[in-house]
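Heads up, there are several structures right after this.
Shared chain: chain A. Partners: chain B in the first complex, chain C in the second.
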Partner chain A sequence: MSDSKKEISLGKRVFRILSGYEIAVVCLSLLFILTFFGTIEQKWFGLWSTIHKYFDIKSLYVLPTRGDGKPIFFPLPGAYWVIVVLGINMLCGAIIRARKGWKKFGVLLSHCAILFMLFAGAVSSVTKEEGHMRILQGEKSDYAQKLFKHEIEIFKYDENGDREPPAIVRSKHIKSLGPKKKLNATFEKFDFTLQVDHFLPVAELALASPSSPAPDGVEVVDGFFLVETEKNIQQEEANLPGCYVTVKDESGGTIQRLVLWAGNPYPVSFTHGGQRYGVTYLMEVWPMPFMVDLHRTFGEDHPGTNIPRWFQSDITKIDGDDGEQREDYKIVMNEPARHGGYTLYQAGYTKAAEGETPSSTFAVVKNPSDKWPEYALYASTIGLLIHFITMLFRFAGGSRPKKLKTTEPSVS
Partner chain B sequence: MRNLVLLATAATLFAGCGEPEKSIHVTETRPITLHDRHYPGNLKDRPPLGWRRLPGTQFRLINYVTGKDDSVEVVMGETQGQVLENANRWLGQFGLTPLQSEEFLGKTEMLGRPAFIVEGKGTYNPGMGQGAKEGYAMIGIIRQSSSNIITLKMTGPVEEVEAQREALFEYTRSFTPIEDHFIETPTGEKPAETSGTPDY
Partner chain C sequence: MSANPLPNPDPESKALRWGLAIFFLLVLFALIAFGIRGVIPPTDVREVDAYSPWSEEVVEAASAIPVQDGGRIKPLATFARFKMLTFHGSLTMKVKSGGTVHKIGPVEWLLDCMFRPELVDNLPVFRLDDSDILKPFGIETKDRRARLSFKDIENGGDADEDGFQKLINRGRDLLQQREELGEDSLSPNEKKTVEFAQLVLNYTGIRDSFDILRGGLPELDPKQLAYVDEAVLEMLDKVSDPSRFSYWMPVVDRVIASTRRLETPEAREFEYELNRQLTFAKYGPVILPPQSKDEEEWTSLGNGMEKFLQGKLEEPTAMMKDFKALEDLGELSKKPNSEDFLKSLTAFKDDLRERAGSRDEGEKIDSEVSYYERNHFMHALIWFIAAFVVSAIGWIVREGKAGRIVGWITSILYVTGSAYLLAGIVHRFIITGRPPVSNLYDTIPFISAGAVIVLGISELLTRRRILLSVGAALGVMGLFFAFRFELGDAQDNMDPLRAVLDSNYWLATHVVTVTIGYCGGLVACFLSMVYVFLALAGVMKDPKAFHRFMTRAVYGITCFTLLFALVGTVLGGIWANDSWGRFWGWDPKENGALLIVLWCLIILHCRLAGWMKGWGLHLMSILGGSVVVFSWWGVNMLEVGLHSYGFIKGASTVYYFYFATLIAFLVGVVAWAIEKFQPKQSRQTSPVIPKV
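Right after this comes the complex of A and B.
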């Protein structure tokens, strides 16, 4: 006995633990608890914040809290990492360690399908891009905007007063700054430097006046200053950042000091070297490889409310260099339009008052693993069907009366 | 020795955490989209090179400064009321006598329609809590449209405003309607209004 125990290597012992039912039960229980608390919290903190808190890859642990910030449970591991552990457990236990054979094919197929679904989620979390495209009826659009990523764009105006392609300072470089750190950005296409400072993640731009002066210590630029405001926890997209920037020449001298705020829809400008430049702080612009014409948008609210009961958008998607590839779609709730890896969902619509133009908002998603969960469900269903049918036949075959075995007397 | 190496490694890893400045080199760009063709009121303007654009506000759709020490303001806005009413409000800011008729105003054109010129000099009282400014001048242009009034107003020290006079009128002529984001219909008609039941 003691000899056989010594023969089990460390690797095998680790494998047995990783593939055990215990880990699966713990992971599934944790996911149930996390989903429960996440569902409660999103009522206070909004969907985006809660999903980000519970399911983000950077969330190593989660502390469920209620609306006033007080914890309502002890810390739990982040859901993303629980799913990673569950995936490893399934791979080791339900695939590698599981008994093979034709009798087990259905179960094996189902487990592979579920593992594939978890893998689809992991791919989605890393590669998915999503944004919103808002179009007025009778107009068209070839871009979406990412609601939770704000970037600084700088561009030159050409001789016709049109914008040239911008240089982009990505959100990840700016939002880590805080009010005290600075970012120095040099550009491939420009000969000046942009220094970003005094970043505020949630701010408003205020006009300084004798009756509303800037608070002590707050810088006023061109008569404007930034005020830090309270975060809107229900609507993350309403939280608009701001910062101050200094445009510097090659010798480090100041060309222009500017204040930027993501709620300002149009760029500010400066002049350098006889050229005019624009600077804007905005939600990341995501160019689409197609144009969307919105011909008609309409819908109906639930009686006595402003909550839409249904809404529909009639669009034409236009592809190709000359716009020769045209396809018409009717996008309604739960029936998106899919093409070329992009999916357009009807996210909302705005009725218009008299004389105004109604609009549609589409959620645009680019996710290579978009359909993978659907395929996984089909495969899992087929696997379970195969398994249950196999079991049924085995059961039916086993319930037939067995012929009694008789021993013939020996003839001597 | 091993502890020393671990300590040095940890120190190196954490060395970057407290840095007050960081530097990047930006190479990323993107193609031009219809987003870059959006202008206030769907009108593209071409300001003179020396005009610098500031953030807009509720009452200032387009907001420029120019001149020495950015002392000249050029503001475009939309408002309600009548041409004469707005002209007299501006004249009142300079303590000037209100006019009884539009025929006393200068004439020009803006955005393809007749517009009126309002001028004044003296001590400028902009109101809104701001103090009086002596030696100021104003050149304003007011244009009536079907639903509102469009105003373009330049204020600043007298010499600076006079130096920008021709630039202001050239700016007025620079506006170009931008219709890139409208769907072209075969007959040029607007698309149907919202009505109907879902097609599913």
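Right after this comes the complex of A and C.
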């Protein structure tokens, strides 16, 4: 026996461990516990924060806590990495190592399908992009905005007061700043630099007045200042960042000090070298490779209630450089428009008061693995059905009381 | 049909079997008593002077009056049913008058609200679970849990303000506090006070909405109006009586303007009353179909009057006609069981039905009235109770002809109960026109039916009577739970769905599949519970065979649960992808379904690894029941996530279930330990389960 043990190479031993039931059961149990705590913590910390805490790729470990922050369990590995290990275990154990044969066909097929589903999830988590596109009826749009990312746009006004194409300070550069760090941004097209400081991830813009002055140590710019506010745990999109910006000339002298807040829809402006510029802090713009023309948006509530019965948007997707490729779509709840890797969902619509124009909001998603879970579902269902129906027949065949063995009179 | 029940009789354990049968019967009766506590109102019968009941014909005619409520056209009986549940927490109340006890149902109560406010204020309408909240308003009750009439509330208070005014003023202050400082600024008792004040206010809204029909306007000489608006006199409906609203109706806006200018006390009182009646008339049932075919919204009497006064009606005379018909009904209702009243009511109902029919609306009203009258689920409950009782007798009388007869009777009762249960589900499906599971209430009868059918089919395959006993018990529990949920929720469970849910394809696939998964998990849990209790009692002559059978059954059902829970969960993800643009969002409802899948996978993989034999499977299966209930109800109580339409508050029954599974789990551990530490020669061997 010891000889045979010696014959097993290290690689094989590792493979055996990786493909063993032990890993499978531990991973499934961990995932169960993580999912349970990741569900009940949502009561206190909301969906968004909890998802990031438990299921994000960056979460190597998590500590389940109560609403008051006190731990209620020992630290656990992050769910994302548990799923990765489980995926490896499935690949090694249920697919490579498992005995192959017609009797095992159902099990093999369902494991392959689930592995493919996990792979779809991994692809989605790495490559998926999503945003929202709001269009007024009768208007067109060729961009969406990302709800949770905010960027600073700097642009020049032309002689007519229209905006020229902007320079952008991306969200990823800004959000890594704390209240103390500073970011210096230079632009090829402008002869000034922008220094971003005092970044607050959740803030409100307040007006300083004698009755409500700014707190001590908080800078007031043009009568306004930023107040750090409590995070809205139920609605992540309600958490709007703010920051202060200094526009500096080439010699480092201050041209203008500005306060920016993502909830302010209007640009703040400054003048440099006789030219007027504008700065806005807004949701990251995501350009689309096509134009969406919203012809009509309409819907109905159930009579006498405010419960929506249905809503619909009729759009034309305009593609190509000359706009010759036009396709009409009808988007309703549960029936999105899919085209070229992009999917447009009806996320909401605004009824217009008299004299106003209704608008539609579409959720736009680009996800290469969009339909993969569906294919995986078909395969896993077929696999499980084959396997369990076979088992059912074996169960039914073996469960009837054996009349001959009983001492009781058999009755028919 | 073979009758070879597995718990083989051991003459020595006859006393134990009797004990067991009695124990389970006691459990059943405790369950029934628990259910009845919520269904039947307290036995104290309120004395109400001069109360005369409505005749059956009047109730029948009123029941089928079409009403628009909750976004659909439904019978007045349904409207009344859920209003009464909201206020009273029960579907009947008893009053005593002249030595006779009268039972008042929802329609009778609504008719009293409409036509006999002087009586309805004496009826014990309000269910109160904590009388402490009313003490600050000088409203005293005999017990902590009580049923109060409006008069009881009004009689509280002090010399300055009656109890009703005090309660409403306090409710208003608390509401303002909540708006300014948030929900958490109110104590639990303050929250209850706000809820109760709103309830009482809603009641007065319904009661006073028909004041406009009752006549009795203060006296005002129409000639006085001529001082300020001479033309008004010519336009009044002289056919009517000045004490009735219809007299002033054609020009009621000008009448109000004129009385305001008269500035006499009589005119002021008259103007106040006209305005009050017009305002409250808006809060009554929405019973008038729109005149235009393009419109979908029906109107209440008050809203119809508003449109009439604003000149927005295509046929104002038709509105006048409706109003007069109702006013006549109000007059005739002074003799509630007279032929004339019944004739007028029937004519009014027929007219409304015809108008609704011409708009292709209200065609299922009769079916819905019949659904609640037939009460399929109550019949099913009775048959399942009978099936369980007879099956319990079968545990004792199992042999010979008597045993066979008991077996047959159990089967017949079981099948009849199942047929009633299915009839109820199908009837609901016909009325709503959507798949059988489309809201939380629907899941309860559906899961009960699923459990009953799965166990019935298993019985057919295996011929073990124990499965019919478990099936009947599950049917009883499920239906009691359905009744309790309906009473507590007090929301019409056939109302239409919001846009995101209104997809018959997804309701029929994802929701049905995942609900079947819940059903499987619960059936496995109950089978394991039964097993551990029987094993602890040690009443089986052939415990090895029984152990093998039950373990195989639970294992098979766990596989069944995995299949449906997995497919249902992934289908839900695909639906979410089509609705919200993401397949998986770790939303509580999604996580709940995933927990069931993971639990089943843990069981199956532990079994494959050889770490779990029969006992482990049963213990895990019992805990699995809690996982299913957490997914089915628990996550809805968290009130977070995108499935906001399924949120619920305080479903206390869920906690009883968690407690029951914990007890069963502990019993199982004890039974397993006893078996494990028995002398080796009598120890059972683990059953053989087919390898996956």
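The rule is simple: the second predicted complex is superposed on the first by the 315 of 412 C-alpha atoms of A that agree within 3 Å, B and C clash if a C-alpha of one lies under 4 Å from a C-alpha of the other, contacts with A are read in each partner's own complex, and residues count from 1 in each chain.
The rule we apply is simple: a contact is a pair of C-beta atoms (placed from the backbone, for glycine too) under 8 Å apart; a residue touches a chain by one contact, two chains touch by 3 or more.
This is a predicted model, so every value here is computed, not measured.
After overlaying the two complexes on the shared chain, residue contacts for A:223 are found with chain B alone; chain C is out of touch. Judged by the touch definition given at the top, the superposed model places A:182 against chain B, while chain C stays out of reach.
In the superposed pair of complexes, A:273 makes contact with neither chain B nor chain C. In the superposed model, A:207 makes contact with chain B only, not with chain C.
When the two structures are aligned on the shared chain, A:259 is found in touch with chain B, with no touch to chain C. Once the two complexes are overlaid on the shared chain, A:335 sits against chain B and chain C alike. Of the two partner chains placed around the shared chain by superposition, chain B is the only one that A:163 touches, whereas chain C remains out of contact. Once the two complexes are overlaid on the shared chain, A:43 sits against chain C while remaining clear of chain B. Contact with neither chain B nor chain C is seen for A:71 once the two complexes are overlaid on the shared chain.
Shared contact residues of chain A, touching chain B in one structure and chain C in the other: 299, 310, 335. Contact residues of chain C toward chain A in the complex are 1-4, 6, 8, 68-72, 286, 296-298, 399-400, 403-404, 461-464, 496, 498-500, 502-503, 506, 545, 549, 552-553, 556, 559-560, 562-563, 566-567, 570-571, 573-575, 577-588, 591-592, 594-595, 598-599, 601-602, 605-606, 608-609, 611, 635, 638-642, 690, 692. If you check the complex, the residues on chain A that touch chain B are 137-143, 145, 155, 160-170, 173, 180-189, 205, 207, 209-212, 222-224, 256, 259, 261, 264-271, 274, 276, 278, 285, 287-288, 293-299, 310, 312, 330, 332, 335, 351-352, 358. Only residues 20-22, 24-25, 28-29, 31-32, 35-36, 38-40, 42-43, 46-47, 50-51, 54-55, 107, 117, 120-121, 124, 128, 130, 234, 299-305, 307-311, 333-336, 343, 345, 347, 363-365, 370, 373-374, 376-377, 380-381, 384-385, 387-388, 391-392, 394-396, 398-401, 403, 406, 408-412 of chain A touch chain C when the two sit together in their complex. The touching residues of chain B, counted against chain A in their complex, run 19-40, 44-47, 49-50, 52-57, 65, 70, 128-131, 174, 181-183, 190-192, 194-196, 198-200.
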